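Common to both upcoming complexes is chain A, partnered first by chain B, then by chain C.
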Partner chain A sequence: MRETKLFAYVDKGTFVHRLSGLTKLVCFLLLTLATMFTFDIRVLGAMVVLSIAIAIISKLPFKRYRAFIAYILVFLLFNFCLNFLLAPDYGENLFGTRHELIVFTEFYTLTLEEIFYQLCKGVKFLVILPLGLLFFYTIHPSELASSLNGVKVPYKVCTVFSLALRYFPDIQRDYTNINLAQQARGIDTSKKAPLKNRILSFTKVLIPLVFSTLDRVDLISNAMELRGYGKDKTRTWYSFRKLERNDYIAIGVCILVFIFVLVMRFVVVKDLFWNPFI
Partner chain B sequence: MNKKSFFGEFNVRMIVATALGAALFLVLFYFVKIPSPAPNTNIQIAYGIATFFGALFGPVSAFLVAFVGHAINDFIGGGLGGIWWSWVIASGIAGLISGFAYKNLDLEHGKKPGVMFFAWNIVAHAIAWLLVAPVLDIVMFAEPVETVFVQGIWSFIVDAASAVVVGYILCVAYAATRSGSKSLDKE
Partner chain C sequence: MREPIIEFKDLTFRYDAQKNPTLKHIDLTINRGEKVLIVGLSGSGKSTLGNCLNGLIPFTYHGEMSGSIKIKGKETRESSIAELSKMIGTVLQDADGQFVGLNVGEDIAFALENDNVELDKMHKAVDEVAKLVDMQDYIEHSPMELSGGQKQRVALAGVLVDDVDILLFDEPLANLDPATGKTAIELIDDLQKKTDKTVIIIEHRLEDVLWRHVDRIVLIRDGEIILDDDPDKVLASDILLESGIREPLYVSAAKFAGVKITPDMHPSDIKRFTLSEDDKKKIFDWAKTHIETPVDDREILLKGEDLRFSYDGKKTIIDGVSFEVKKGEMFAIIGKNGAGKSTLSKLLVGFEKEESGKIYLEGRDIKDDTIYERGKEIGLVLQNPNQMICNTMIFDEVAYGLRNAHIDEDEIKERVEETLKICGLYEMRNWPISALSYGQKKRVTIASILVMRPKIIVLDEPTAGQDYRHYTEIMEFLEKLNNDGQTIIMITHDMHLMLEYCDRCFTLVDGKIYFEGRPSKALVDKEVTEKANLKMTSLYDLANIVKMDPDDFTQSYINAERSMRHAGN
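And then the complex of A and B:
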């Protein structure tokens, strides 16, 4: 149960919370898109500072995410090992130089270039992580739907997003209940069971879960149909907020960051990576 | 019976089902990770859900189930901090193509899925994990070619298997709750 609270919307009334949903969505997409274009560690470093600054402004409770961040570091380490096993020369091919650090064999040599490449990837994670957490921490589900509609996503698809977010905790609770009930009846879905048994046991949790969800689908779709959902080509949103001065400032700043990244990428550096080795 | 459109019906029931399907996908994707023998990949039984909703409501529904489910999963950190658009898109495409089996299925009348169901699912996951995900990974994230294809092959094996097995089990269970069109006998 702890996990759902981890990503729940909390209204802290900060500058970021008071922005319109549309602003949050546009800024989020702009910033994450911008990081996709570059591996330049100077640009990414600046963006880490920016995204952590926004997180501090909106009072993101970092303490709650400690375990989570540790998890990510382990993942990055794992990814590094995998990359090193499969392509230890990737870094030097990228940067065109070879500074050897530790020589295991001719092929498996840990180079400075490889470490630098992995560092770039790690920093990229650090940019996106606070942004993703922030987005769900500061946006209300129905506000998300209205803002998706604001960027011209068909409103039925917006409904899919907001309903999915709305029912995520409910279905998760169902899942926990069914799982515990089946375990009480002797069906072991825990890690102790062997892999084959575990998969079979899961189907015994899955079938009741799916069928109770289908029952719920009938209930909700009847209710929505009675209220006349889907009769018109467009719809309005209760939670829609008009853009104000602060929204334009926030969007403006994000557009500037986006342009800055693109300029750095295509005009100044003209490469995905910034190469300190030449 | 053959009035079924290729892409499914766009009624309220389909939209709600798709949304709850996405939530279901998200719950399973986020909480149920059975580690597979390969590094960095899990057996994701969630793909069975996408297949099942594709079989019931068509390819568009399956696409949204997998796409929205996977996207929210990455937003809330299930993608380990990154939003792997490459894999989110690949998930959606896997769902979309597996949903192509929809037109020839007749679960509502108690018929079990046939050979085409398996064929579409395997094709779907082959395209998604052997083609779309690795190529997008290279383009978007500059991952080394060797790594992405090794991950792609493992994901293909594991996800195709779970989609087919879990999807089939769910389809059969659903078909069993529906009475066949010839269930009434004249006495």
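And then the complex of A and C:
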């Protein structure tokens, strides 16, 4: 059978890989949350440097995510164009000045303020993108559930994640088999068939998939119950890695970054944006 | 005096969805340290009995229960599944489905996790139990990297980690190849000797379980215990056969030959089975009259030439396979899990494309046929009928392939009805499929392929998980099709199936053909059986006892069996 791997987890043994899953989750949440609070380009710039630095330390294979990154950049460009079309004066209203760069009409004028505003937004993505990739690239699938439980997500919800990871390849394999078997009986799910037929054909693949999956669900829930699942309010996790010195350091650094961002936002600048124009 | 650990007293149970009780007035006592085999057909109530023990009844499957079941003196209905799971560990039939962890360690630890055991203790306990089932080197492995037998070991470890007193195995052999099944029975036996646990095995593959000693056999029929006795006494009687349970081959061979089996001959164990000189001669003479090697001069229908295939371009799954299937043949592809059987069948039906080599159907290279075109010539029946059925009514399901081909409705009706008649489903043509049993659903899927009039039908494990009666039903149906000229290829690791029904077989070992020829030859050849994870048939041992060539003897048995079956029809 063809091997299917949802997460391409490879233990590269870097500092980040060796951290507990809980640390990875907490740091990821802290840093993304911090990013949400501010549009201050100086702060965001520092965060970009930080997140790219971590990505390099953990040997994130940027090449593998090339298509994904390109997609995000195109999306950003598209977003910029759309913003400009609908509200080209948003930047000048925000910052209270108007430095004209290119004048198309009086309304459609590209200002320095508008570009600066868009830049602030774009940089945010540059912070979050490597962090997100990093999180899924360095967390071991079986650590995900225990980590979520570690940040107080109810354990039954966490189990759903880990079961989804466990059985996704099986269901994917079922789907392939069913799909092929139906094609052999004359269903055309290929692009050649008209859309209406394809949708109809698709339901014919879906029905057996749903029924065979329901069989599986029944079995799994029995198997879990027979081993005492769900009787207590809490449970422990075999794959949980206890926090060590490095974990506390990493979490500490992230908390400091988080506080720094809040201080910049609410004490120093007292505004969402840092305004270089006044 | 041994201490009873399980006591059923006048237990009757009826599922809410059913009219009649599934278990009726069960009285059964099992003592501490005993090893009990529970046999019965599907639907006889044997699995229900197991579910009464582990608490799925009455806590998950609801129904009306009267009488009493006590485990270690405690009434189960006053307990809970969680509490019962500390006394009785259940190993389910489907070792893959019940593997809930992402790797071996996690799965073994599952019960401990639910008990809030702290991490260090948990890891230590898991390591110890893993060693007990010989899986200590696989702690980090994911289920996808394990074989069926290994998954079962993990499942066993997962209940042993709780230090239960009773081990309950629900059809432990159903998904294992013969050699792995044999190892599983040995493992259960060794474990019981080491730990003195009470063991209950629910299984209909009697001969395979009897590979190691059991203390008692309990036979269930229609929800009642009709026999509860020493294995030797059980085998000496004819009650198993009457109840649709298959006897060990050497026992039925002796019975065919007219030997009267008595308990003191130790019929439950081939190693201790004693026959008088007179009986030996009887068997020898009987076998002599049935020797006759079938000749086969039929023309070649399907031909594979040096087929090669790999999924990832690195690991070769099919490695230079050449074969011929003759017109009208019943042909078996055998081999252990992962040997490439399923992959080969996918090449045949065009689900995957060979990297090199050629497949000829009636001399025509079929490389460029689409899946659909190929499907009309070589139809594949998947193992699980639920994976094929996509309509709600039987007629529509069978007509489905024809409707996709836009054949006019009159002709469809004619062909579907004809097929339904062949498959014994005509009376039910207007039924919803949901009303059918598993075996009947299987027949619907076969009908839905047959209606396309393919030259060859390929069946993936047609009898997996079926008891002897349903198995016989499916196989006799296929045999009938075969006698009408239908060419059938089966992928199986059921030895009885290929021995009794197939003309020829080949065994795949690591993607290569290791043996090709008559099944009777394969199953008496030590090297072939070892390489293909098969088991030597017990007829081999009996042949040695009566001093006859094992291949001839096995062939005689098959011939005798077939002629009796045909006489019976």
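Assume the second predicted complex is superposed on the first by the 218 of 278 C-alpha atoms of A that agree within 3 Å, B and C clash if a C-alpha of one lies under 4 Å from a C-alpha of the other, contacts with A are read in each partner's own complex, and residues count from 1 in each chain.
Going forward, a residue touches a chain if its C-beta (ideal position, glycine included) is under 8 Å from a C-beta of that chain, and two chains touch if they have at least 3 such contacts.
Values in this document were obtained by computation on a predicted structure and should not be read as measured data.
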Next on the checklist: Looking at A:G230, would you say it contacts chain B, chain C, both, or neither? Reply first, second, both or neither.
Outcome noted: both
Next on the checklist: With both complexes overlaid on chain A, does A:A184 touch chain B (first), chain C (second), both or neither?
Outcome noted: second
Checklist entry - Should A:E100 be classified as contacting the first partner (chain B), the second (chain C), both, or neither? => result neither
Checklist entry - If you stack the two complexes on chain A, which partner ends up touching A:D271: first (chain B), second (chain C), both, or neither? => result neither
Checklist entry - Touching A:Y71 in the superposition: chain B (first), chain C (second), both, neither? => result first
Next on the checklist: Is A:L165 touching anything from chain B or chain C once the two structures are fitted on A? First, second, both or neither.
Outcome noted: both
Checklist entry - Does the superposition put A:R216 against chain B (first), chain C (second), both, or neither? => result both
Checklist entry - First (chain B), second (chain C), both or neither: which does A:L133 touch? => result first
Next on the checklist: Under the stated touch criterion, which partner chain does A:N83 make contact with: chain B (first), chain C (second), both, or neither?
Outcome noted: first
Checklist outcome for this item: Overlap of chain B and chain C contacts on chain A, residues 3, 162-163, 165, 170, 207, 209, 211, 216, 220, 224-225, 229-230
Checklist outcome for this item: The chain A residues in contact with chain C across the complex are 1-3, 141-142, 162-163, 165-166, 169-170, 174, 177-178, 180-188, 204-205, 207-209, 211-212, 215-216, 219-220, 222-232, 234-240, 242
Next on the checklist: Could you list, by residue number, the parts of chain A that touch chain B in their complex?
Outcome noted: 3, 6-7, 32, 36, 39, 68, 71-72, 75, 78-79, 82-83, 86-87, 90, 121, 124-126, 128-129, 132-133, 135-136, 156-157, 159-165, 167-168, 170-172, 175, 195, 198-199, 202-203, 206-207, 209-211, 213-214, 216-218, 220-221, 224-225, 229-230, 272-273
Checklist outcome for this item: Listed in rising order, chain C residues that touch chain A in their complex are 54-56, 60, 80-82, 85-86, 90, 92, 94, 96-103, 105-106, 109-119, 122-123, 126, 143-144, 158-159, 162, 311-312, 342, 346, 349-351, 371-372, 374-375, 379-380, 382, 384, 386-390, 400-401, 404-405, 448-449, 452
Checklist entry - Within the complex, which stretch of chain B touches chain A? => result 10-13, 15-24, 26-28, 30-32, 34, 39-40, 43, 45, 48-49, 52, 64, 68-69, 72, 74-77, 80-83, 85, 140-142, 144-147, 150, 165-166, 169-170, 173-174, 177
